[in-house]
Every structure is written in C-alpha cells, then in structure tokens.
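So that you can tell them apart, the chains are marked A, B and C in the order they are listed, and the count of residues begins at 1 in each.
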Amino acid sequence: MARITLDSIRKRYGETMAVDGVSLTVDDGEIVGVLGPSGCGKTTTLRTVAGFETPTAGTVAFDGREVTNVPPEDRNVGLVFQEYALFDNMTVRENVAFGLKMRGIEKTARDERADELLDLLDIGAMADRDPTTLSGGQQQRVGLARALAIEPNVLLLDEPMTGLDAKLKARLREEVGELLSDLDVTGLYVTHDQEEAMLMCDRIAVMKGGRIEQVGTPREIYESPATEFVSEFVALDAPDLPFVRW
Amino acid sequence: MSATLSRQFGRPVVTMTLFLVVSFLIVPVLLTFVGSFAGEWSGVLPSDFVTLRNWREVLGLTETVGSQRSMGWDSILSLGGYTLAVPSELIFSVGLALGGVLINLLVGVPIAYAVARYNFRGKEWVNAISVLPLVPGVILGVAFLRAYPTLSGTSFGLIVGYSLLKAPFMVMAVRSEFESMPLQRLEESARSLGASWPRTFLTVIVPNAKSGIISGAIICWTLAAAEFNFSYIVWAKGTQPLALFLQRHISNSSFTKAAAAVSMFFCIIVAITVLLQQVGSRGFDTRG
Amino acid sequence: MGTPSGHPDGTFSGVRARIKAGVTIVESIVDPLTERDRERRRVVALCAPFAALLAIAGAYPLWEVFRISVSAEQYRSVGFSLQAYRTLTTDPYYRRVAFNSLWLAGGTTLASVGLAVPITHALEKYDLPGEDVFVTLVSFPISLPGIVAAFMILVLFGNNGVLTNLVAVLTGRESIELAIAVSAPGLFVAFCYSMIPRATLILRGTYAEIDHAAEEAAQSLGATPWQTFRHVTLPQIRPGIIGALILTFRTGLAIFGTLIVIQTVVVWTLQISRELATGYDIQVAGAMATVYFFFTFAFTALGLRYTSAEVGL
C-alpha cells in the first residue's frame, strides 16, 4: 500500500472545469471518502488517481513518486465499480486471479491466492462458478477480491454499494469496512451517500463544483461543517449511527 | 377510421397480412424442396415421387453435359484406397466465404469497438461508412475489373470483394453486442489489474462479445456464400462460386433439377447456421 | 470533411494554426503522453484495418473506374473527356433505363416497407403463438441471393408455377397466358420477396425501442387501436420508417441477380453488366457506376441529414 498525493489537480473538458484545484493526501492504510452530489467531480478525481484521466494541470504521486502520466496498467491500483464489471468469459477464480496472471505469476500460486481471498470474503464455494450466476452482493465481493488480489497501491471504490438493497448494504458495509481496516488498505471511496462515507472512511472530503469544501474525520465534518453546503449535505437525513468510527 | 371498425377488424387484418406475407415467403421454399424429389412438375403440384435423380445429377453423381453440367468432385483426402471427395463448387464457395469472414472479423470487430466504446471527432462518419454498403456488388465488380484486371477473377480477388461487401453486417452485429456490454468498466477493470490495452481487448473484450461476433460471422458467411452479383461480373474461369452454379441451373436446367440445386443451397444454409451455433456454445468457451 | 480553404478562417495564419494543430495530433498519436492521446491512438489503430480494406478494395477501384469514365481513350486512363457522360445524358435509352430503376426500386420500397409495418406490428405487439417461428421464417429469405428469390417467383407464378397452374385449372385457360413471373409485375413481386424481410428486420429494431407506457396511457384514455397507432406509435417509429425507406431503396437499386433470371425490364445495374458483356464498353460502364455511386451517396447523406432517420439494424 502507498501514500497517495494529489496536488492542485485540474481537469477541463472543453469549457467546463470538472475538477478545479483538488489537493488531497491519502495516508498509507487510510480510507478517505470523497462525498458529494453527482457532477461534483468526485468520479473524475478517482479516475485521475487510477490513470484513466490525465489532469489538465497538477500532479498525482504514489509514495512521493510522480505517476501523472503513467498509464493505468502500470499504476497497480485496484478498482471496484457499482456495476461490478466482472469478466463473464472467466470463472470466479479466474476473475480474481486475472491481475496476478498479468503479472506473470504461475498458475498454482495465483489460484491459491485467489481462493484465499474468496474464502476471506466468504464466497470460497463459488470459485468455479460462472460470475453471471451469482447474486449482486456476491458479484460485488468477487469484484472486491479481484481488486485486492494484486495488492494494489490504492483501492479505488466508485459507489460500490449503490444498487444493492438496504439490508445487504448494511451487512456488506460492516464486513467490508472491517476487512479493509484488517488488510490495512489505502483507499479512496467515492460515494454520494453520507451515511456510507461516515461508516466506512477514516476521513471524508466533501466536494462541490470541482472543489473540495472540507476534509476531516467524519466527526469533524458532522459536528463542525466548514461551509453551509457541507452542513446541509451532511445533515440531510442525519444518521443515527452507533458504530461510526469516532 | 371509425372506432368499431378499428376495434373489430384492425387486429385480424394485421394478423392476416402477416400470415399472407409469411406464406408468400415460405411456401415457394417448401414447394421447391418437395419438388426436388419429384420426377415431373408440370401440373399444379409436382408429381412422380420419390426420385433422387435430380439431386444425383446436381451433385454430380450422374454423368451430365453442357450447360446442365453438374458439380465436379475434388478429392481432398486419400486413405488406403478410399478417397474422400467433395463437390468442388461447394467446397470452393465454402472456402471463399470463410476467407471473407476472416477478413471481416479482422476489420469489423475493431471498428465496431471504436464506435461503441470511444468518442472521437468524425465518429458519425466512421459509423455511417462502416454500416452502409459502399457500393453494390455489380459496381464493385466493374471497379475490380478495372483496378485489378488480373487479380479480380481469382479466389483472392473474390475473397477481398466479399469481405468489403459483407463488412457492414459484421460491424452491425458486433456493434450491437458491444453496446449491450459495460465496455468502459470492463476495459478499465482489466487495465487497472495490469493488462495492457491490446491484451485487454483480446482477452477480455473480444471473448465477452463472442455471441455477437459469432452471429456476425454466421450472417457474413451465409451472405458471402450466396454472393452472386459481384461474382457474376468478375468471375472468369475455373470452378464456379456456388451462386453462379445455381444461376446456371435456374436458367438452363429442368424445373425439378433447378429445384434440387436450390434445395441443396437451402440445406447448406441451415446446416452451417446450426453448426456455427454449436461451435459458439462450446469451442469458444474458455472454461472447457 | 470541409477543406481548409472553404472554412471562414481560411486565412494564412488560420491555415498555419491548423497545420500546427494537425502536426500536434500526429505527434500525440505517434508518441502519446496523456491518456487522451493514448485513447486517440487506440481509435486510429482500431479503425486502421477497416480503412485499409476500404482503401484497397473500395476507394482505389472506384477511383480507377472514375478515371476511365472520363478518359480520352477507351481502354487507358489518359486525358480528360466527358464523352461517356454525354452518351448517358443525351441517349434517350439510358434515360429510360434510369427511369426503370427509379420506379421499380421506388415502388417496391413503398410496397415492402408498407407491408413490413403491419408484419412488425403483429410480431412485436400481438402475443401470437409461435412468434419465434414467424420471426425465423420472415428472416430466412435475407440470406437468399436475388437469383433464388427469382426462382421462388418462378415456382409461384412461372409457366410451371403453382398459382399459375391453379388458376389455369380453375378457369380452363392456358397456363402460358397466365404466367406473370417473367413480366414487369413478376419482377416487382420478386423485388418485394428480397426487400420485405430486410425492411422487417430494420423496423423490428425500431419497434423494440417504443415506449409502451404511452400506448397504454392512450388506450386507457379511450383511444381506439387505430388512434393509438396513428397518434402514439407512429410518431415514435417514424425515424425507423424513414431509415427503412432509405436502406430498402438502396437495396432495391442494387438488385441484380433477380434481373439475370427475369430479364424483362432493363435497369441501371443490368445495363452496366450488358455494357461489359456486349463490346466491353468500360467507359460507359464506368460512367454509369460513377453516377450510381454519387446518386446513392447523395440521397443517403441528404436523407440522414435532413430527416430524423436512423440507420442500423
């Protein structure tokens, strides 16, 4: 895992400024939530870290090494999407082992590692299944295992829980939250759901219109919002959260 | 149209139209097939059943002469005194069409991916050019005769011509498959896991689109195997493509024999379609 | 597709800026730095095989055809002469051929699309038993070449045709008098045999995208099935119908094999092959091919630009 540093990132698409001067540091082993309404630039920020967008200005560094122009396949980042995006032409195990295969790791070793992760995520029994036969929650676990298998510098989660039903969400939130802190994963967690961000993340950056309004622990954000926008956005549906990490 | 009229007759009339048109399309196909086994067809319905003479003559199992000449036979395999032979026109067209499909795969799958996955300037033009036939077979044939006088009538010329003429069908079939996939997410997942872009394309994107690619290949194959217009213009000598063989029989042979030639063609289309679908559900499967 | 000189800022500095921008794009493709550049390179790589085939098998041969059609000599592309085009425009024979092509393709297009609408409607809207079978049956003739379509018409309406003989038996007349396969109406029906399945295929794609809620709303408000179709369904499928008209018309103009079997009306494509068969007049054939190409290109481009037509299956 690594420390991720974004320094004054700007991203312009034609006339519109999608990201306008974002600076953010994610410490090694820390999960930072990026919270905001749709269109605030949070997904663009995440894609910049992954390397799918080259910023118009500013730099991205992993552990102090600049990677702004390094293509995504050489950055060693894990990605988890809302839509799972599993490879339907492979079994669950092959999905998880795919990244290791790309790194030239020999078959028995990578299968062993894949099975280990699948067991950890409680879906070891599904290893030989076709991913399309799995439920939504199971598919999301496969997606997570696949991203974790490469021991990424940073794990990027793009609204991973959106689209799952409330009960499943609550369970996954707890389980995944524990797993990520157990594995000491460095993560960037993009979501529009403040409750999710508060539960899963060590710190939260609230974004609006391409800028960061405030960065702080969930408690700081909740108790002393820096701007009107933050207070409104966070207070909406004020969560009654017994196990928030503060 | 008054309300009662519409309620009472609208649906029956529309359904009737469907039945009539389907009959118009299919009845002659069935009659042709049945008639191919008849010895005589001069009254309302074919008569003098059942004879295999027409089929034997068409397939070249009986001696025939002149413009009614049947297929030649090529031996493709000799084993201990036994020779496996196949009708030459048939195998020739099968091969030409497969060659065309191969080129179609190489040119059609990538451009379909470009249009389905990326946004770029001139995308509408690329899209329109790739899905609309450039010119019909006759005109392409004239152009080939002019541009490649020695090459146009050869197998190579026919394959290249077929591939250009049928490429739009491949692009359309594959593009609609791509459009139903979360392409961007798939590509980004694979690349974040360390797969280079070409490797992502070949090991993740293409295998995931296999059903569309196979149906595109089936469509292109049947259309190329049946291609007449281009072949008619450029073909010079040697083994005839299947469609020319059919045309010779339709224009010159007895009605029942022409029916046998056309029926043979129906059988090929049905057989290849079934065969490729079988391959599609087994051979391409990476899970074994 | 515009040329720099046709552009409003076609001044010297404008041209230089454009050249510079062009060079930058080429550089970014050869040696990409940003992800955007890499993506551009991918698009170029993905389109390259198709472009190569198009250039070798399409553009170059058509260019050669155009060159010979304006050549001053008959068999070599030299000089410039519009003799072949003068023949096409002044000889009334060619005008008649062009007219034949247009009415035959136009009439069969209207008939085919006109039948394809109720067929598609029945297949997509009515819960008919064995619907899949109907879809397969309607699609089957798509893979049949024109010569086979013509044979199907001979089977129904030829001298030996089933319908011909049926009518002959019923009326007591000679079947030879009744056979219509080898006549203009027979050709018309043969064209429709090839075109109805294609038109149906295109329309089915359009029907699949219809908003069913609006139709149900209209019906619940008391609209008759016809009113619902007229005011709710039809506006939604109109782009598809226009697209089907354009594509089916192109198909109709391109038909050739059918005419080889049923040679009753001389149309443009048939005449092109006759120019080659009798006297090998490659210049006139080339001019006819060029005219055909520009005509279909123009009406397709205009059709797509000035209507809401959708192209695709």
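List of remarks:
Note that contacts are C-beta pairs under 8 Å (C-beta built on N, C-alpha and C of every residue); 3 or more make two chains touch, one makes a residue touch a chain.
Everything quoted here is computed from the prediction, not taken from an experiment.
Taking the CA centroid of chain B as reference, the farthest chain centroid is that of A. Counting C-beta pairs in contact, the chain pair with the largest number is B-C.
One inter-chain figure worth recording: chain A and chain C are separated by 50 Å, centre to centre, where each centre is the mean of the chain's CA atoms.
With centres defined as mean CA coordinates, chain C is found 18 Å away from chain B.
Counting partners per residue, chain C has 38 as the residues that reach two or more other chains.
In chain B, the residues that reach two or more other chains under the touch definition are 197. Taken residue by residue, chain A touches two or more other chains at 52, 71-72, whereas all remaining positions touch fewer.
Remark: chain A residues 51-54, 69, 71-72 touch chain C in the complex.
Interface of chain A with chain B (complex): residues 50, 52, 71-79, 81, 83, 85, 87-91, 94, 98-99, 102-103, 130, 143, 146-147, 150, 152, 156. By the touch rule above, chain C contacts chain A in their complex via residues 33-36, 38. Residues 1, 3, 6-7, 10-11, 13-15, 17-18, 21-22, 24-29, 31-32, 35, 41-45, 103, 106-108, 110-111, 113-114, 118, 120, 125-126, 128-140, 142-148, 160-161, 163-164, 167, 171-172, 176, 197, 219, 222-223, 226-229, 232-233, 243, 246-247, 250-251, 255, 258-259, 262, 265, 269 of chain B are the ones that touch chain C when the two sit in their complex. Residues of chain C touching chain B in their complex: 1, 38-40, 42-43, 45-50, 52-54, 56-58, 60-65, 68, 115, 118-119, 121-123, 126, 128, 134, 137-138, 140-141, 143-148, 150-156, 160, 162, 165-166, 169, 193, 196-197, 224-227, 250, 253-254, 256-257, 260-261, 269, 272-273, 276, 282, 285-286, 289, 292-293, 296, 300, 304, 311-313.
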